[in-house]
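First comes the structure, then the notes that go with it.
So that you can tell them apart, the chains are marked A, B and C in the order they are listed, and the count of residues begins at 1 in each.
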Amino acid sequence: MSVESVNSVEQATRYETVIGLEVHVELSTATKMFCGCATDFGGEPNSRTCPVCLGQPGSLPVPNRAAIEYAIRLGLALGCEIAPASQFHRKNYFYPDMPKNYQISQYDVPICLGGHLDITVEGETRRIGITRVHMEEDTGKSLHVGESGRIHGADYSLVDYNRAGIPLLEVVSEPDLRSAEEARAYLSELRAVVLALGISDAKLEEGSMRCDANVSLRPVGHTVFGTRAEIKNMNSLRSLGRAITYEVERQTDLLQAGEAIRQETRHWDEDGGVTHTLRVKEGEEDYRYFPDPDLLPIEPAEEWITSIRSTLPELPASIRERLVEQRGLTPDQAVTLVETGLHARLDEAAEAGAAADQAAKWLVNEVAGWANEHGVEPTAAPLSGSHLAELTALVGDGTLSTKLARQVLEAVLNGEGAPRAVVAERGLEQVSDTGALDALVDQAIAEQPDAAEQVRAGNEKAIGALVGAVMRASRGQANPQLVNELLRERLVSG
Amino acid sequence: MSLTPDDVRHVAQLARLALTDDQLDVMSEQLGAILAYAEQVAEVATADVPATGHPLRLANVWRDDEPRPSLSPHEALAPAPAAENGRFRVPRIIGEQPGARPREEPAHG
Amino acid sequence: MAEDSALATSSAADLLDLLDRGETSAVEVTRAHLERITKTDETLKAFLTVLEDDALAHAAGIDQRRSAGEPVGPLAGVPLALKDLLCTRGIPTTCGSRILADYRPPYDAGVVERLREADAVVLGKTNMDEFAMGSSTENSAFAATRNPWDLQRVPGGSSGGSAAAVAGFQATVAVGTDTGGSIRQPAALCGLVGMKPTYGLASRYGLIAFGSSLDQAGPITRTVEDAARLFQAMCGHDPRDSTSLTDPVPDVMTGLNRGMEGLRVGVVTEMMGEGMEPGVRARVGEAIDRLEPLGAEVVEVSLPHVSYGLPAYYLIAPSEASSNLSRYDGVRYGLRLDGGDTEQMMAATRAEGFGPEVQRRIMIGTYALSAGYYDAYYAQAQRVRTLILRDFEEAFGRCDVLIGPTSPSVAFGLGEKTDDPLAMYLNDVYSVPASLAGLPALSLPAGLGEHDLPVGVQLIAGVLGEAVLFRAARALEAELAFDATPRGAHALDAP
């Protein structure tokens, strides 16, 4: 790209955004990548360490088979080629949170190469290229001590190596994303795939899924990439969107003012809503990659790959398509169900005889909201598919009004048992017994003669007041449709 | 092969060795001589010869995902030159974690 | 009861016989060696740590078990010295470096575990060139070890402390480590047997790394049989080392005395050229001349790329070392020099904690791996390595064992080569090829060369060819009948 073309007035007015994402996924294996230390959290600092993950003299790494399997699983789900022979390399640089002062990673022969992920934004589906997926180990965590509490201005730092050596997959996309919305959709979809595969809890907020964005602009119609900035520290889908939107504006302003974009790493400041310079890249870092002589090549047997492929779960895209086409849900319902992981509950409910559209409404409108309110994963909601089928059946046969059903659901979610049990326990059945309702209906007519007269005169709307009176008198348990019918019998046809 | 003092300074920086100017001078002379010797490898025709990183022609060595006992924090910190609150203490850190791998395609390997 | 002096000079095989017959006790044997250490180590400086109490306690335990009829290990009561780069739980492990001067590992190395299970009695940890980088043991941060054959000369290196301890009768057997010759060369210079196993047979877990694709631990002894026993006890699969072989350890004891009959021995043309001392050439030539009368068939073989072994080695080993030694940064263990920020602390610590040779190798390796040089240096060296491997493969298609010198010279004077790194490196010219190819190789004494100092002859076998290697070595040893007692005007007094 020539400088003149950027600065020329006609072309400088419109730019195309080019985004590539590098996503780190922390794997939910029981042990670290290269040693037997547990990966569970909550332990005291440095309580999940051993000579290997502390880089003590003489210690050696042995790869975790499950982590390799998880990498292959993700690679297959993303349509990657699984490398017949991949290799671990050492990435050499000094940093106190890295025990060996090199990171075991993969370089020119990663385990997965060349895949793709389809994203849908505003009804349009695009295929985003995946360059590679590779395995590496995480670093420790530093605590910066000083007034600022941040790395800058700290007096000293304290290092905890519990996280050092936890297995990571790095998923690198092609620079195929063209907007903040697409970047969000990509990350969201990748997260859904990872969750479906069960290889990570993929929590952006907690850092078990981390995302860096390479953002650049180029004049519309150009094919050469502009200078990019790498944005770090985005801890949610929302902050990814905000950071990219901000960065695109920043770069646009610079280009339109005739200024050059610097190749640099920028830090997203969530509170300030801006990115600021972290490091200017003066030439590339010299990481002196070379094959790790402590580790041998990974050459997954064809049978192993086949068996992993045969146990892949249904992936989000296919689940959504199936929910819409076979279960008759709306695309929005399908998206929410997959995003929340509640699609499995829907399938269970449908298997148990529920009408899918009804079950979907409960899951999307009520269960997801309940989980959000209570700060738990939607999939952790104590509501089985058969519970849901029971609930929809109770509404369908008139036992529960929608309003009562909501109460019953709340009770089920609070652990009070299955819907029928809650209904029995609380005596919440709708009264559909005409014998029991006759007296209440007669009483309502007697108490509101004016309303009754109006109905007789043909003003059907006036019947509402009488229905309301019966409902009140039954403390909400009367079946409103039945009450309506009984009133009409007496006032309209009589 | 001759190495300028600046080359040697750069390498010393990469290797985190605080060398004095005198040491850099001696080092550049010695490294020059050693590399001149080592450069004999360039005389060998190696087109189509794969690299051997390892004398073993083995692959697929791994372990099962089963936890093993860790050290206690006390044992982990015992050899530390400085520790505080169960963590390793280091002086202030100036640079940020270099973090993600470079974007360029691998140049070698 | 056997005399103390006899206990100190006995081979492990003889000691095991005496112990079995109840003619001595492990405590007696241990005490005899500890006394010898007390008497001689101020002169020899072979040990960095002597474990008097631990050794006597272990020995007493062995005696107790033996007298109670309980099982004891195959090396029960044999006094053993360990090179100080093998991790020993709770016991100082310095690797000859200031940077680890106060380091006590939280675990035992894999080979140490095996040797303890075999009931070898660990007398202490021996001196070495810092991080195993050197051929004279003068690069130790703590002391220069003397050669028992001439106290003004070096014992070789980097396992010079282990070699001096065995040659000086301080220990019956010792473990060294070999990256490019660090077992074989000091064994040659001290008139001993030194053996490097096939890469992957001895666990590298707990062996402080220098060049990870080359490092192997192995025995240093006064006899081939002792080396075979130690090899058998220390080798075996270790799941904590990804590069540990799962193949069974070759049985080297059963056929040890089958002689040379029927073996094809290849004389490596490229190893018999210029560059070695006349005395070395003469002794090695004489050893070769003994082969045919012993029933071997002798053939000439060529390893065309072997002369590029040393240049390739001096790119590969420093490259791996530059990365392996990055972890010594003053953060988690070892020396720290405070002052300034973390980066300055690391750079100051490393400049202070590493000696000049280690710094040189880190610099070479860092340079050889750095952007723009990787392909010409590191990658090219690895391609040359492939060619050397192929040369050996072809040779072992025709021969059972290869023969040549171990080192181009006898022991040189202290300080003679310290100012010329490249001259020091040339000591490794004959030992490096087997290291690059991961092959088992053994040095045994061929007689005396210049200044009446020991000369080593090297035997190399194919991958996992240890049985034939030890068998050939045993046959040659019997024929050469070398007396391992240091002698001469400047030698250490015998026990």
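The criterion applied here is as follows: a contact is a pair of C-beta atoms (placed from the backbone, for glycine too) under 8 Å apart; a residue touches a chain by one contact, two chains touch by 3 or more.
If you're wondering where the values come from, they're calculated on a predicted model, not measured in any experiment.
Enquirer: Report which interface contains more C-beta contacts, comparing A-B against A-C.
Expert: Result of the comparison of A-B and A-C: A-B.
Enquirer: Which chain's centre, taken as the mean of its Cα atoms, is farthest from the centre of subunit C?
Expert: A
Enquirer: On a C-alpha centroid basis, what's the spacing between subunit B and subunit C, in Å?
Expert: A distance of 25 Å separates the two centres.
Enquirer: For subunit A and subunit B, what's the span in angstrom between their mean Cα positions?
Expert: That pair's centroid distance is 38 Å.
Enquirer: So how far apart, in whole Å, are subunit A and subunit C when each is placed at the average of its C-alpha atoms?
Expert: Each chain reduced to its C-alpha mean, subunit A and subunit C end up 57 Å apart.
Enquirer: Which subunit C residues sit where two or more other chains touch them?
Expert: If we look for residues of subunit C contacting two or more partner chains, we find 103, 106, 213, 239, 242-243, 322, 326, 329, 331-333, 342-343, 346, 366, 370-371, 374.
Enquirer: Check each residue of subunit A and list the ones that touch at least two other chains.
Expert: In subunit A, 51, 54, 56, 62-63, 94, 96, 101, 157, 159, 284, 286, 288-290, 293, 295-296 touch at least two other chains.
Enquirer: Show the residues in subunit B shared as contacts by 2 or more other chains, in ascending order.
Expert: 14, 16, 53-54, 56, 58, 61-63, 71, 79, 88, 90-93, 95, 108-109, in rising order.
Enquirer: What residues on subunit A touch subunit B, complex-wise?
Expert: Going by the criterion above, the answer is residues 22, 29-31, 35-38, 44-51, 54, 56, 62-68, 85, 89, 91, 93-97, 101, 105, 107-109, 139, 142-144, 146, 151, 154-161, 170, 212, 214, 228, 230, 232, 265, 278-279, 284-291, 293, 295-301.
Enquirer: Quick check on the complex: what are the subunit C residues that touch subunit A?
Expert: Against subunit A, the touching part of subunit C is residues 85-87, 93, 95, 100, 103, 105-107, 109, 204-209, 211-213, 239-243, 319-320, 322-323, 326-327, 329, 331-333, 342-343, 346, 366, 369-371, 374, 378.
Enquirer: Give every residue of subunit B touching subunit A within the complex, in rising order.
Expert: Per the stated touch rule, the residues are 14, 16, 53-54, 56, 58-73, 76-77, 79, 84-93, 95-104, 106, 108-109.
Enquirer: Show which residues of subunit A lie in contact with subunit C when the two form their complex.
Expert: Residues in contact with subunit C: 51, 54-63, 90, 92, 94, 96, 99-102, 157, 159, 284, 286, 288-290, 293-296.
Enquirer: Would you pull the subunit B residues touching subunit C in the complex into a rising list?
Expert: 3, 7-8, 11-12, 14-19, 27, 30-31, 33-35, 37-44, 46, 49-56, 58, 61-63, 71, 75, 78-82, 88, 90-95, 107-109
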